[in-house]
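Take a look at the structure below.
For clarity, chains are labelled A, B and C in written order, and residue numbers in each chain start from 1.
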Amino acid sequence: MNRFLDLADFERAQIKDLLGLAARLQQHPQPNALAGKVLGLLFLNPSLRTLASFQSAMMRLGGTSVVITPGQGTWQMETRLGAIMDGAAAEHVREAVPVLASYCDVMGIRMFAEGRDLAADLAETQFKMMADLCDKPLVNMESAASHPCQALADWHTMDELNVPERGKFVLTWVNHPRALPLAVPSSAVHMAAMRGMEVVVLRPEGFELPQQVMEKAERAARESGGSVRETTDRNEALAGAHVVYAKEWGSPRHYGDDEAEARLRQNLGDWCVTDSWFRTTDPNCRFMHCLPARRNVAVADEVLDGPRSVVVREAYNRMVVQMAVLYRLLRG
Amino acid sequence: MNRFLDLADFERAQIKDLLGLAARLQQHPQPNALAGKVLGLLFLNPSLRTLASFQSAMMRLGGTSVVITPGQGTWQMETRLGAIMDGAAAEHVREAVPVLASYCDVMGIRMFAEGRDLAADLAETQFKMMADLCDKPLVNMESAASHPCQALADWHTMDELNVPERGKFVLTWVNHPRALPLAVPSSAVHMAAMRGMEVVVLRPEGFELPQQVMEKAERAARESGGSVRETTDRNEALAGAHVVYAKEWGSPRHYGDDEAEARLRQNLGDWCVTDSWFRTTDPNCRFMHCLPARRNVAVADEVLDGPRSVVVREAYNRMVVQMAVLYRLLRG
Amino acid sequence: MNRFLDLADFERAQIKDLLGLAARLQQHPQPNALAGKVLGLLFLNPSLRTLASFQSAMMRLGGTSVVITPGQGTWQMETRLGAIMDGAAAEHVREAVPVLASYCDVMGIRMFAEGRDLAADLAETQFKMMADLCDKPLVNMESAASHPCQALADWHTMDELNVPERGKFVLTWVNHPRALPLAVPSSAVHMAAMRGMEVVVLRPEGFELPQQVMEKAERAARESGGSVRETTDRNEALAGAHVVYAKEWGSPRHYGDDEAEARLRQNLGDWCVTDSWFRTTDPNCRFMHCLPARRNVAVADEVLDGPRSVVVREAYNRMVVQMAVLYRLLRG
């Protein structure tokens, strides 16, 4: 394994194997496994869990990290090919990425969607350009259309909590003050489908996930024996659910058009998960969210502070699964 | 010891024991004592000494640190309970603190006073809320009303310099362009009283320390055999002083009212410590300040650059005593 | 060796010896050589290579680093002596530097030219003040007039690539949206002269390097058997060149006068290195630049992306030579 960019790049058995390694490292720490190894972390977007969990994962395996955040003590960076760089950006990623890679044994890059051209974002145009510049093992710390470490942590969390592999996984759109990227919802549906679950995407009109995203999840479901479908019917979706996975995302229909997006969202204030959403779910239904979460906009205090919420465990498992990813990338 | 939040939470003998451990670690380094341990540092306010000394303390014991600074590469954070999070803050501390704690073996949190409601700040409403969210050993890196690591470092500094335990400790208010919190002056008078010193708080009219702060110090003085009093009489205060400890703080009388505060301060420009303040002190009188210090506003160059100043030693001792605190929290 | 501030502080043989150590550490890693040692990094200006390469150099020798960036989680800093600090800066470097040094075994400081007074900048007034405040081994991470780590990395890069010691080294001025400091061009010409090369400074009228810079390089050339000259004649300069080293710098003639500088620069858009610059050079001529580089302003994509460019190798060698510098400073 030389790159960890998307769960879809691996067979289901390989992912299960990686989760097994994560569980073993959790139970039997290997505090010197990556001694002397250096992880370079390039953050083109903000982060808390990713920033802290990658560093702590390396530390717990005996390795170290260097963090670079353009604009925060480091030059602002240009990403456009062919740019005439007479503006604010002093450095191009075409230099920054190979230079940082040259100091490190493994790299992580975080680079959100540009949010202007849906096809380009779904094609990972930007992230692929970055990945091509890096000649070291590489981890996707969230790209335009994929957040594989989050997906892996969520899978591990469901395994830990004995959520049935054939259980009902409801990804529900929730409200947010502005349009957010598609990386997490895309990765979540694909992961749950790959796990073999009955995946239901619950969202209001206009927030359909792109066909490409659904088809990718469907392919995974066909192989695992799961299923994937979309609905606007909250009652149907939630009935019997084992997991309610809430996520904010922008309308693909109005991609890059903030005003049209906002108009579409203005009457959707009730897309905030409350305790009442769990009346007909499975009694043990869990509430999941990748965080950060807008309290009382996307999800009510009563849910986040209640017994169904496993959001802190999901976040903790970021560190756990990333230990496994880093271990595989550096030690095979 | 599971938390280090305030010197008042400990017996005098326990603090003396901690200072003894600090001295031993200073003389006989234990570079692997905390190998494999991770310290999470959450800075809701700026810092230099705290940021550098906690990291270096961990490093010198073989441990490592993760630094999180909201708004600096990390999401801005909400602290109000029940907030409807439709503004700039993307993450609530109710998630951020337990998540960061889950990656770490010990945590430090810095969170200054809000500066609006004196009673709430003195009651440590905010910091207690944060502390309750953290299920790992915790260090107060400066809260609204307490800065125990600074107090411990100052105590250690006086011990090193043979400042008499019954010596005269003068905490003097000094000028500053704006109102600053009460954490350091509150902790300094309490610490000096706990050490057994003759504590004099010298300040202009309107800058009396809150009754609650004085009473806490008086209780410590009664147990240690020291004393605590306040005065506006600079001559009386400085006569025979063994330590002049300068600190800026806002008027408790006008708490949260910047304009009234500024009016009160406008004729107080001579509350800047100069060499002339030491004419009647003990000949060996030391000048102390927690830093950062506004040169030629709070204290003149001649004092900071002169032989009485021990401010750099105080800052160095932050690292020394924090090694002891971290050692106790992690190894008992 | 207790300070690494400028190549001119050392004999040529000492630099060759340091480069030898760098090569040995590169071939035979010593992952525990600096175990337990702490490097303090004070960045008064932005950085990518310096920030990442110093940290990774320490890591690869078993040591650790603390990074302080004023204004980024840390107080803004005052540098003027005698300042009445009633403005934005909360802390003076007269405290900040000795405090940070007290936590560390070795320090690095980055502090660019002020860009107002050429004589003061060339005299390193500011950096010398900082260095005087530091009682630990110290590395210049770029000062007003010197960038010795870059110079050392460039020398190492030319050695690796078998660029002849008597080869022709052309430092060429290139365009930039604003006036940049003289540290890198000054260090580059001095380094190449010290290496024994035929050094040609190619620049438009008005961008002559200061006499003091040229004389320093000439002294080094006299000792090494090299030579140094300036020209505006691009054809003459480039003919037979073994290295084209591009760098942006502000007009010393209009130092601190941005408008006059900009007028002088407005017709100099063709001072952007393209493939055509290499028609008459040595066939193996290399393109060097310290980075960050403004693509298609200072240098064309075709050059940076072409086979002549060794900019990433130069950046990588920052880490390599800094390992040697840190090793010497801490282990002798």
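To be clear about the criterion, contacts are C-beta pairs under 8 Å (C-beta built on N, C-alpha and C of every residue); 3 or more make two chains touch, one makes a residue touch a chain.
This one's a predicted model, so the numbers in the text were calculated from it and none came from an experiment.
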Touch-based graph of the chains, sorted into line, ring, star, complete or other: complete
Same-site or different-site touching of subunit A by its copy subunit B, using the half cut: different
Chain centre separation in whole Å, for subunit B relative to subunit A (CA means): 40
Multi-chain contact residues (two or more partners), subunit C: 64, 72
Sites on subunit C touched by subunit A in the complex: 29, 31, 43, 46-49, 51-53, 55-56, 59-60, 62, 64, 67, 69, 72, 177, 291-297, 301, 304-305, 311-312, 315-316, 319
Subunit A to subunit C touching residues, read off their complex: 35-36, 38, 40, 64, 66, 68, 72-75, 78, 81-87, 90-92, 94-96, 98-100, 102-104
